[in-house]
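Could you have a look at this structure, given as structure tokens, before my questions?
By letter and in written order, the chains are A, B, C, D, E and F; residue numbering begins at 1 in each of them.
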Amino acid sequence: MVDVGGKPRTERVAVATARLRMKPATVRRIVAGKVEKGDVLAAAQLAGVMAAKHTPDLVPLCHPIALSAVEVEVWTRRAGVDVRTEVRTVDRTGVEMEALTAAAAAALTVYDMCKSVDRGMVLESLQLEHKAGGRSGTWSRRARPSGRKKRKAPA
Amino acid sequence: MVDVGGKPRTERVAVATARLRMKPATVRRIVAGKVEKGDVLAAAQLAGVMAAKHTPDLVPLCHPIALSAVEVEVWTRRAGVDVRTEVRTVDRTGVEMEALTAAAAAALTVYDMCKSVDRGMVLESLQLEHKAGGRSGTWSRRARPSGRKKRKAPA
Amino acid sequence: MVDVGGKPRTERVAVATARLRMKPATVRRIVAGKVEKGDVLAAAQLAGVMAAKHTPDLVPLCHPIALSAVEVEVWTRRAGVDVRTEVRTVDRTGVEMEALTAAAAAALTVYDMCKSVDRGMVLESLQLEHKAGGRSGTWSRRARPSGRKKRKAPA
Amino acid sequence: MVDVGGKPRTERVAVATARLRMKPATVRRIVAGKVEKGDVLAAAQLAGVMAAKHTPDLVPLCHPIALSAVEVEVWTRRAGVDVRTEVRTVDRTGVEMEALTAAAAAALTVYDMCKSVDRGMVLESLQLEHKAGGRSGTWSRRARPSGRKKRKAPA
Amino acid sequence: MVDVGGKPRTERVAVATARLRMKPATVRRIVAGKVEKGDVLAAAQLAGVMAAKHTPDLVPLCHPIALSAVEVEVWTRRAGVDVRTEVRTVDRTGVEMEALTAAAAAALTVYDMCKSVDRGMVLESLQLEHKAGGRSGTWSRRARPSGRKKRKAPA
Amino acid sequence: MVDVGGKPRTERVAVATARLRMKPATVRRIVAGKVEKGDVLAAAQLAGVMAAKHTPDLVPLCHPIALSAVEVEVWTRRAGVDVRTEVRTVDRTGVEMEALTAAAAAALTVYDMCKSVDRGMVLESLQLEHKAGGRSGTWSRRARPSGRKKRKAPA
């Protein structure tokens, strides 16, 4: 675990997204609240928040850091579920891994709750969208081709 | 957490894969052992194994179960890293989530170790490939189009 | 941790309840979905389930056991929130502590989400209601005086 | 998890209490050191301290924070065991949940160690007594009716 | 994590010891109950029990298993503290690592509690003493030279 | 957990070592990469890093702190494996326990991976070598007798 002791504590943010593809019928079941295991979107949202706190247990070289905010949004599309996470800290290292871990856990929770009716679901993207703060400064993923542009959370 | 107490303990297996896309230069750096944080593939492999054991902490409705085997393979392609996990148990519920969680953690570990040189890496698929055992029986993902067929581990 | 290796694996169940007293205005806020931190009952329910799995980390002499079911119900009364948990296993030791821990965590989660508007909330009872299975057999709490009889989940 | 990044790091303290009611004979057994599982008060005290550190794993929206002190006192009454916890930090958010979680875990540990002889024990109160520091300032529970005034630790 | 699914569940036991060397004055302080942080032997004993349950989190390739008993003894010598642990399970793999991890954690806890007065303490042995059960059968450490024979717990 | 809230945040470091004695044939097997469970030194190194983060879960009175660096080196001798750990923080309390815990976990991981061929391995020393920072200042272990001087990592 590289030494970050010499870095100043600065405000940092990271945004990640995950996109889970599933059968439209599975989405309809989620929306209708007919998944036997419970409210899928609520569970995924909470699982994402809690997973952000577990990041240093999962990613060996991640520093344990004090997270100042974790926000997880989960919503349905016609044939899938999208996740957007935003994690903030005021610390010596970034929170990209926390944002990605939260997004992964939220998507895995959706998978878990729906797998009995749709085992073929695929997490077809999990990626960092944006980070700011720290020595390496701001980074944002370049615009994606139009077909995938809709990955914004609904207003 | 649904009641599995009435189910018999049977042998179960699940196989999952993850595919991380990155710049070919990043792959070359991994292969050459030039990633500052250490041996990427070895760390990812171990992180995957350990993450399988953390599954019930991450996925809210997963039962804690006794895993009898966790195998994680991680290898490079020209423009990415592939992960294949296989988890086994002799228990009342399946290990799909453990296999998926292990694959996700292995891929996230690769991302973490290489992110300073390639922040745009994308986990472009994380999916169950196969499961067997239990009431719902055997399930295998159908053959993928040829371009993606190479997702087998090297001999 | 006492030796349970000589006991047979048998089906066991434990039921616990928790009763959190708060201002009626706080209850109305929960019911109306106006708590800033989110859906209180859904979060408490999930927190209870996950906490059951953490029992051996919290209660030093608890055996780590394979839980076959965890059910957590959370509902509002006029001046409080009630929790009922039911945990099952097929193992060598009982699940009373898992049921109690789940109920405590669910109630603490309600407290956490509402504390900014009602810091005086009191967990006024946390208790085992019933257990069955194992060498010590079945135990049920005797009927309480009428004023507290309503602690059943709504139909 | 709400954003606390904009708040200053300030000194904060929270005090909580738990009151477990049991048969006087059970108390006498604890005091006489005749509980088969070991020294009940010592175990409860340590369990409380350790549980404070687990708070963010149990309460979904709790921030992980650096605790600067955790003090847990456990003592017997004629017909029960009382717990008082005091947690301190110098951070951006309060430690009420840590104090309550520590008190709950200490009480649950007493329950666990004595349950084979007294399954009917009831945690009849778990509550915040005092908090100070942070934007919301100081809060103290108002005096209780005389019958419950003895909840102070013995000198 | 090697596949143990094909092995039968059998009764297994492992015994480990740890020996911490310190200044006689430190031992006297422990015995007199004058260590500021509290009862050293009681804390070490409990820490050992709890650590046994954390073994799969610490030792990457350890299977998570259901422990049926964990016993930790901690006692003082003239110039040190000795630990003896005994762990039992009825499972498909042994508990050597659980016994060793428990002994290590107990010794580290003694170190932690006394380090402000004796930073030079040395854990001068941590070793498996005995194991039985499973395919590899019984193993016992051969008798040690007389000077170290006293490593038995006091009657 | 003693109150450290009044102490200033200062830079702190701790160095620990562990020495595991084993048969020369076991060492040769490690070096030749012929241990069935995988790359022993790589796994031990990573296990040490991860264990440092688990210290507050294992050592009851350890404060949870933000580690700024964890470095673990593992290398072979003719008849054993040596571990050296170095942990850094900028916090109110020291990292001696983190350094010792990391060294213990690394050594235990070596034991775990080699135990099927050499159950008699002994951890014959685990000790703090150096600490600096904080109110108690700098401490270094005095020179050891020549026979043990080689405990430095290879250049």
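The working rule: contacts are C-beta pairs under 8 Å (C-beta built on N, C-alpha and C of every residue); 3 or more make two chains touch, one makes a residue touch a chain.
Keep in mind that this is a model prediction, so the values were computed, not measured.
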item: Contacts common to chain B and chain D (chain labels); value: A, C, E, F
item: Longest centre-to-centre distance from chain F, chain (CA-based); value: C
item: Per Cα centroids, the chain farthest from chain A; value: E
item: Fraction-based call for chain F against chain D, same above half, different below; value: different
item: Between the pairs C-D and A-C, the one where more C-beta pairs touch; value: C-D
item: Which listed pair, C-D, A-B or B-C, duplicates the contacts of C-E in over half of its pairs; value: B-C
item: Cα-centroid distance, chain A relative to chain D, in whole angstrom; value: 34
item: For chain C paired with chain F, centre-to-centre distance based on mean C-alpha positions, whole Å; value: 40
item: Euclidean distance of C-alpha centroids - chain B vs chain F, Å; value: 29
item: Shared-contact residues (touching 2 or more other chains) in chain C; value: 2, 38, 43, 46-47, 50, 54, 57, 60-61, 64, 66
item: Interchain contacts (touch definition) - all pairs; value: A-B, A-C, A-D, A-F, B-C, B-E, B-F, C-D, C-E, D-E, D-F, E-F
item: Residues of chain C touching chain E in the complex; value: 1-5, 56-57, 60-61, 63-66, 91-92
item: Of chain E, residues touching chain F in the complex; value: 2, 36-38, 43, 46-47, 50-51, 54, 57-62, 96-97, 100-101, 104-105, 107-109, 111-113, 115-116, 119-128, 131, 136, 139, 141
item: Residues of chain D that touch chain F when the two form their complex; value: 11, 46, 49-50, 52-54, 64, 66-71, 88-90
item: In the complex with chain F, residue positions of chain B that touch it; value: 38-39, 42-43, 45-47, 50
